[in-house]
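You will see two complexes here that share subunit A, one where it goes with subunit B and one where it goes with subunit C.
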Partner chain A sequence: MEETRLVQATWDLSQCKFKISGDGMKVLLEGLREGVFRGIKCPQCGTVYVPGPTFCRKCFIDIDEVVQVSDEGEVETYTVELADVRGNPVEEPTISCMIKLDGADTWLIGVVEGIDWQKVHVGMRVKCVWKDASERTGSLSDYTRFVPIGD
Partner chain B sequence: MASAQTRYASDIGMPRERMLFETVKGFYDSLGITRHDIGTFIFASNDFQDGRTISNVFADSPVGAYMKDETKVEADGSFAYLYGVMRILSGHYDTALIIAYGLGGSQFRPYLVMDYTMDPSFTRQVGIMNELVAAALQARAYMMKYGLTEEELAAVAAKGLRNAAANPVQLRGQANATASDVLKSRPLYSPLHEFHCYPPTDGCCVMLLASAKRARELTRKPIWVAGIGHDLDTYYLGEKDLAVSKSAQRAAAAAYKMAGLSDPAAEIGVAEISAPFAQQELILQEALGLFPEGSGSQVMGGGLSEIAGKLPVNPSGGALGAHAFCASGLQRIADAANQLRGEAGACQVKESKLAVAHGQDGFCAQQNMVTVLSS
Partner chain C sequence: MRNVAIAGVGYTNVFVSKRKDMNAPEMIAEAVDNAFRNTNLRPEDIDAIVIGNMQTFEGVNLPHLWASEHFCGVGKPVMRVATGGTTGMSVVHAAYYHIACGLYDTVLAIGWEKQSEGDSQVGLTGIVLPEALALVPLGLDMTGKQGMVFSGGGSTGAASFQAMSYLAKSGGTIEHIDKMAALERGNAALNPYAHLKVPNCKPEDIAATPIVSYPLRFGHTCPTSDGATCMVMCSAEKAPKIADKVAWINGLANCASEPTTGNLLEGLLTDPAEQMPAKIASKKAYEMAGITDPKKEIDMAEFYDGFAHQSMMWSERLGLFDEGKAPEMLDKGVMNLDGEMPVNPSGGVLCTNAIGASAMNRVSECALQIMGLAEGGHQVPKKVRNALAHGWGGLFQYVTVTVLGDTPRKM
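Right, the complex of A and B next:
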């Protein structure tokens, strides 16, 4: 049988620089600093995107109408972290949800806390817990936590 | 077919999604069509440059492919064109939009992408090879075999710079460029200087392919795919004569056979060849049968491939003017089609009914695609 050898090699991808849509992200991040969720609405089909792109993927037109949506919404689907991504057991599981904020047509990913993981369910009403205004920096970490507010 | 291109740049200055949206939306508007007129979308892009795998999954909406038939080649745009032609010929699609883009100017270090295409079992371990080294070895091989001088090699690059200066979408051009300007540019790996090599480029090129019936509805000046061929040589540079390209010869032979050409050098009026390094224009124009083998000195000395020459090669300025990875080969096809339509502006050659365009991938043009276009 042919001998098989191993060689060490690396793929250096660290030099990659991404450009992202400043306009679309700015709407979301500036809202987060103020403690509100903002998205962009398509004037043609009425879809409210949160976070907002700068064009509507359905109508293929530029969009820039900023709309504020609620910081309360409904859990549309969820998962409980019973093992981490490498398969190791987890003592305090993270509950990751897709949440449809009232007034938005898209789902936002967020963590739900303050509830026994066995009681989480689809359709559960949740509300964002904001960092104190002085701690908010206009970054994605300003919003990630939600708590149940009763059905 | 019809096409649109960005103005190529070393830094396009916007997210790739915005670049694609603006280019494609402008293209649809110019043709009076919408995204719903497109039967299939075919991307040509590079995951390394995009910094994410299966990178087209983020680029579908910006080109109007939301909830549409979409696919991709991880290769030069000329291979996406080949794929598009096959999809049209299958009879399942009346239209195919080819979208080829690259961000080698601003998003990823130039030439690094090619480093990752090297064989890890030998070439990468030896550690001295990169895209520029390979191109320089190829340039020297041609010069030695056929007696091409440094000035003559520089003349190829100077022609590219002059033609690119007349082409408003190109990134790098210089009116009145001479061989001496090229030899004064920054030396890289000998015998290559900066102007012998492509400039790192951001940009995209999109092209609409259509069935004969649909093409006649969309335009009064359709350009037809008369022939197409592709071929792949061995990866390892030490197993082939670098001064010639057998795979380009074979690809061209297949394309000419399909187009019914018996004397391509006499029948073809203009050529757009993907040559990101100056010597490749000579090697490939010979492989495509446009000039005799080893004729580089003669062709450059006699100005035979100039815009006003016997058989103009790369009147657009070619890949020495802009080389957005993946977009580059599609750009050649688009430029050849514009020539046949008489819409090449200051780069326009004398009236012609037949053009040849070429795309390539890999070190020293390992893989080649040749297509014959007719008006």
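Right, the complex of A and C next:
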């Protein structure tokens, strides 16, 4: 039996056209330009989604009440990437956190910097670091990272 | 509705990283052939076939059609089921419904995967790629740290969020995950059909492996395997005519919640360690099987544990231990092969992971334990009357449960 043969090929992702309606995402992005996080609240159960869908996933009703939430929050869970995708150790580990912003019910994924990875813990308080107002464009890159604040 | 029995099981001769001596249809045929040998049945005895594997992993479409001759499916009703990680158990459930409804008497359930022929990571990427790519025009930098976080580092990256949340909630430690992994690798050494076998595996051996995505180490993760499983299932009327020993499917259920990983566009609402679908599905399946106290009535369990922390998590979420108690039970030896609640005597998915067969092997292993036919020393020493099989997958939010018994349930 012959060994596995490799055939080099490319996957042209421009052929994939993934689209979103994005009304809830638009609310978030417009807030990011102003340096705040905004989501959508369900009037029936009070759940605050950041970014918001346009319907409540618990009550199955249309929702459109825009609310501002804090740019501080709590680490709900996290992981630390100590190696790259090839398995090689990295010089500076990436701390990826699931963060529940104060006032929100959903988790946001964010990179936390400014702390030794071994000191990160669930329940840790963090705050968003924004780009300068002049550099913000209403994009997901307007907030770059989170840093710990006193417990 | 009729009761349904498992009359026999056929595995491929081995589960390994690369099954180089045969292609996928030939590998499926090996498991089917072994099922026929173990039950003394012939292809003409089979009324219908249900088959499944993980979508996209081998990079081929419609495998149920190009392999149909190899599982004796020509001229017969064939259904393919693909529900990701849970595929194998969804196949069993579909075969159950074929028989329980009265349309068919004897049905083959086949689950398989030949991961060496494809790229599983590419297949997995396809799950979150549409969401991630939709975010690129909105400012997501896929090349920087943000991109690394959003792509999640594959299934281990996503599972590590779950593992850390579970540890924080249960009070367990990374040493508990080491211990759980060592227990299962050791069990696998007693199972001739397991892939990763480490005789007398010690927690220190696991602790010596590098961290992939903290808190999960290389030793906490499952392999990618080639292999297939074929189960012969039949009606209660047919069972005494074709088999001396059978195991009964007495309860089954599945349940989904919203995605607990990914879901970048609409806010992640659910803790990946909560696993509400496991609680709901197991409750339904226990009720159907007439089990009122699973802690006492279930004799052993096989979980879908791609990562070692999950065996502790599932044993709580499926009602075998109180919430947060699994690390303590592990320390007390309750989950050992000879403990009060043996968990994954086969070594689990942690040691053998031919994905389309993985969730099916949970059912087949429970059936063999009930029949007393588990080979190579991994038969649990006590009498197994009721067993729990569990499958897991999707976006960390889809659970299948099957409760098996040594006697048929009262209708």
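Assorted remarks:
Here, the second predicted complex is superposed on the first by the 137 of 151 C-alpha atoms of A that agree within 3 Å, B and C clash if a C-alpha of one lies under 4 Å from a C-alpha of the other, contacts with A are read in each partner's own complex, and residues count from 1 in each chain.
Keep this in mind: a contact is a pair of C-beta atoms (placed from the backbone, for glycine too) under 8 Å apart; a residue touches a chain by one contact, two chains touch by 3 or more.
This one's a predicted model, so the numbers in the text were calculated from it and none came from an experiment.
Of the two partner chains, subunit B is the only one touched by A:A9; subunit C is not.
In the superposed model, A:G73 lies in contact with neither subunit B nor subunit C.
Using the contact criterion defined above for the overlaid structures, shared-chain residue A:G39 touches subunit C, although it does not reach subunit B. Of the two partner chains, both subunit B and subunit C are touched by A:K19.
Once the two complexes are overlaid on the shared chain, A:G31 sits clear of subunit B and of subunit C alike.
Greater residue coverage of subunit A by touch, when subunit B is weighed against subunit C, goes to C. Once the two complexes are laid over each other on the shared chain, residue contacts for A:I109 go to subunit C alone; subunit B is not touched.
In the overlay built on the shared chain, the residue A:A83 is in contact with subunit C alone; subunit B does not reach it.
In the overlay built on the shared chain, the residue A:D142 is in contact with subunit C alone; subunit B does not reach it. In the overlay built on the shared chain, the residue A:P53 is in contact with subunit B and with subunit C. Note: residues 13, 16, 18-20, 53, 57 of subunit A belong to the subunit B contact set and to the subunit C contact set alike, using the contact criterion stated above. For subunit A in complex with subunit B, the touching residues are 7, 9, 11-13, 15-21, 53-55, 57-58, 60.
Subunit C contributes residues 18, 20-21, 116, 129-131, 133-135, 138-141, 145-146, 148-150, 153, 157, 160-162, 164-165, 168, 210-216, 258, 264-269, 271-273 to its touches with subunit A in the complex.
Residues of subunit A touching subunit C in their complex: 1, 3-4, 13, 16, 18-20, 22, 24-25, 29, 39, 47, 49-53, 57, 76-83, 85, 94, 96, 98, 104-111, 117, 121-123, 137, 139-142, 144-145. Residues of subunit B that touch subunit A in their complex: 14-18, 21, 25, 28, 34-35, 48, 51, 61-62, 64, 66, 106-109, 112, 116, 120-121, 124-125.
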